[in-house]
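The following block contains the structure, expressed as structure tokens.
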């Protein structure tokens, strides 16, 4: 699948996946906020734990842990790069 | 000068117009990602020896926010704090109370020796000294234990995890995930928590947090809850079991507060404050071991100072006022009793009595003084009581016709009723709206009346008391 | 003698408030959660016979005015023009923290980078070459641990040297793609005519490109007030408006 370069959303990733951001389908302040936090094109995101009720999910980006709701993460697109789990 | 600024204005407009031609979303992204790339390359140059130990926090988070353990751990932590608070506060509370009792006797002898007039002794010793003494002995020990422990959790970094765990619930209710952080601040003081709602950027969600913050019992209400729970709810149990049960009851009240918060938030989101939750990002900072003694000592001193200050500023005048009201007679009845009698039918309908209602109303400036006012009002009925004996207090209440229903409803009313005066002032300052300030008074009051009335009615209908 | 004003900037949760308390001896409430410092706190201290006023800005991830916090922090640096700005960075997540530092460097020259939580980072096996970072960025870099009071003396000495002109900084300025640089140059030259050197014009140009039009209106307002103040001072009677 990855060879076809089909983009998946961050929300579809599961625990332990390593994901590279290709596109942010978000406008306005939230986009800026996400960029500030390190969700920039080309950044690696590791999917960490879910909250007990399933949403939000914690991600590790740029050495920090950031929680996003599904509403946000479903608009962040990129590729899953498996294999280098931490 | 006029022409100068017109010229300036024109040139500024032309700059802005020019900027609009070139500026676009791509440029913005590029600016930010350029900065990011630079940071990254700098880090590569100056940082060495990265290793996976960095992620110890993640392993802890796997437990603290796990599907199975996330909520139970939250409950256990809160329960443990309550347990330690209650178990630890008992002895010092009694000690401080007996110290004040002793001092009161000494002061009384002194007044007698000086042939001071009766009323002066009444105002200063039975009013001011006794009332303030009560506030200090009931409030100081639990607060000086609760808040240092809470501060440890706060400095460790546990609070954002609570916000993370609870977010889904708040989102459902239309609120912001950070509302749980402002609620946690409410444990300390609702008035201060109103200021902390500034961390919520969306005005709608911030208003929800402001309007519901009062459903978290603040330090002025903890002692009321602890006192009544231990006097009336855990009868027949002593020692560790009793303390454990008291802690469990407090947990129940906190849960109830959360349920009411969510329900009110949800209702408002569907009605007066319509809207969908705005975006949400929350950083989970790494866990940091707090400086244990430093945190403990600073938090206890801060809190103790706070309690003492409030006792002097609020409790002292209120105590004097209550004593005066209780001792100035119109006809054969004191002003206080006129007020109490007037409130009696209302109080009775809510499962309480006129004294309790009067205490809550007179306690508007600060929740800490509700119990002292109540006791003083009961005592003005003639029954003498040396305040050094906390357990004899129950007898005073029972003599006034208290049942478990009275205690339960007073606790519920305390949890749910209108915010204190300081909180209302802060709400007005923050919202700049008389309407919303009034709503923040009205909503809790209506809920408090509704809930206690319902319980009283049902309990009486089934003949349970 | 005038007190030096020093701004404390940094990401949330970098221990800014702890440093603030350490330096000023005040008891600003600390806690490990983002957004704790909602109102900026001010305190003062003395070092080597000189007075310093320290302003604890709200913790922010950037200064792009995405939120009120960021605006407060940014406005303070631009309008109040403190004598020095200490950017507090978290040694354990330097990468994201450096973003803010780079942004501050675009705004002002007198910057000290203060890498906090250094003992925590060392425990985790992170080594930071502060001398190299200092060379790369052209400003002093000090490693400290605010809670264990390590490196505070060095920070204060550096601060004193900086405000007394004993250290000259050559702050690193971001360079962007040719397209952006061309646009910056064009706008910057025009802004210079208008604002002279009151505000960092390159930074302003960038913010405009970034779409922050509100900022320029704020600046215009601020600038007019300033000129008016000067004018009224010189010729008090002839002011017309």
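Here the chain labels run A, B and C in written order, and each chain numbers its own residues starting at 1.
Here, a contact is a pair of C-beta atoms (placed from the backbone, for glycine too) under 8 Å apart; a residue touches a chain by one contact, two chains touch by 3 or more.
Given the structure is predicted, the values throughout are model-derived calculations rather than measurements.
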Most widely separated chain from subunit C, with each centre as the mean of CA atoms: B
Contact-richer chain pair (by C-beta pairs counted) among A-C and B-C: B-C
Intercentroid distance (Cα basis), subunit C paired with subunit B, Å: 36
Distance between the centres, which are taken as Cα means, of subunit C and subunit A, whole angstrom: 31
Multi-chain contact residues (two or more partners), subunit B: 28, 32, 36, 54, 282-283, 285-286
Multi-chain contact sites of subunit C, meaning residues that touch two or more partners: 62, 64, 67, 92, 94-96, 99
Where subunit A touches two or more other chains at once, by residue number: 29, 32-33, 36-38, 63-64
Residues of subunit C defined as touching subunit B within the complex: 12-13, 27, 30-35, 38-39, 62, 64, 67-68, 92, 94-96, 98-99, 102-103, 120, 124-130, 132-133, 136-137, 147, 174, 176-177, 179-180, 183, 186-187, 190-191, 193-194, 206, 208-211, 213, 216, 220, 224, 231, 240-241
Contact set on subunit B toward subunit A in their complex: 25, 28-29, 32-33, 36, 52, 54-55, 57-58, 61-62, 65-68, 70-71, 164-165, 167-169, 171, 177, 279-286
Partner subunit A, residues of subunit C touching it in the complex: 61-62, 64, 66-67, 92-96, 99
Residues of subunit A touching subunit C in the complex: 29, 32-33, 36-38, 62-64
Partner subunit B, residues of subunit A touching it in the complex: 27, 29-30, 32-38, 40-43, 48-56, 58, 60, 63-69, 71-72, 86
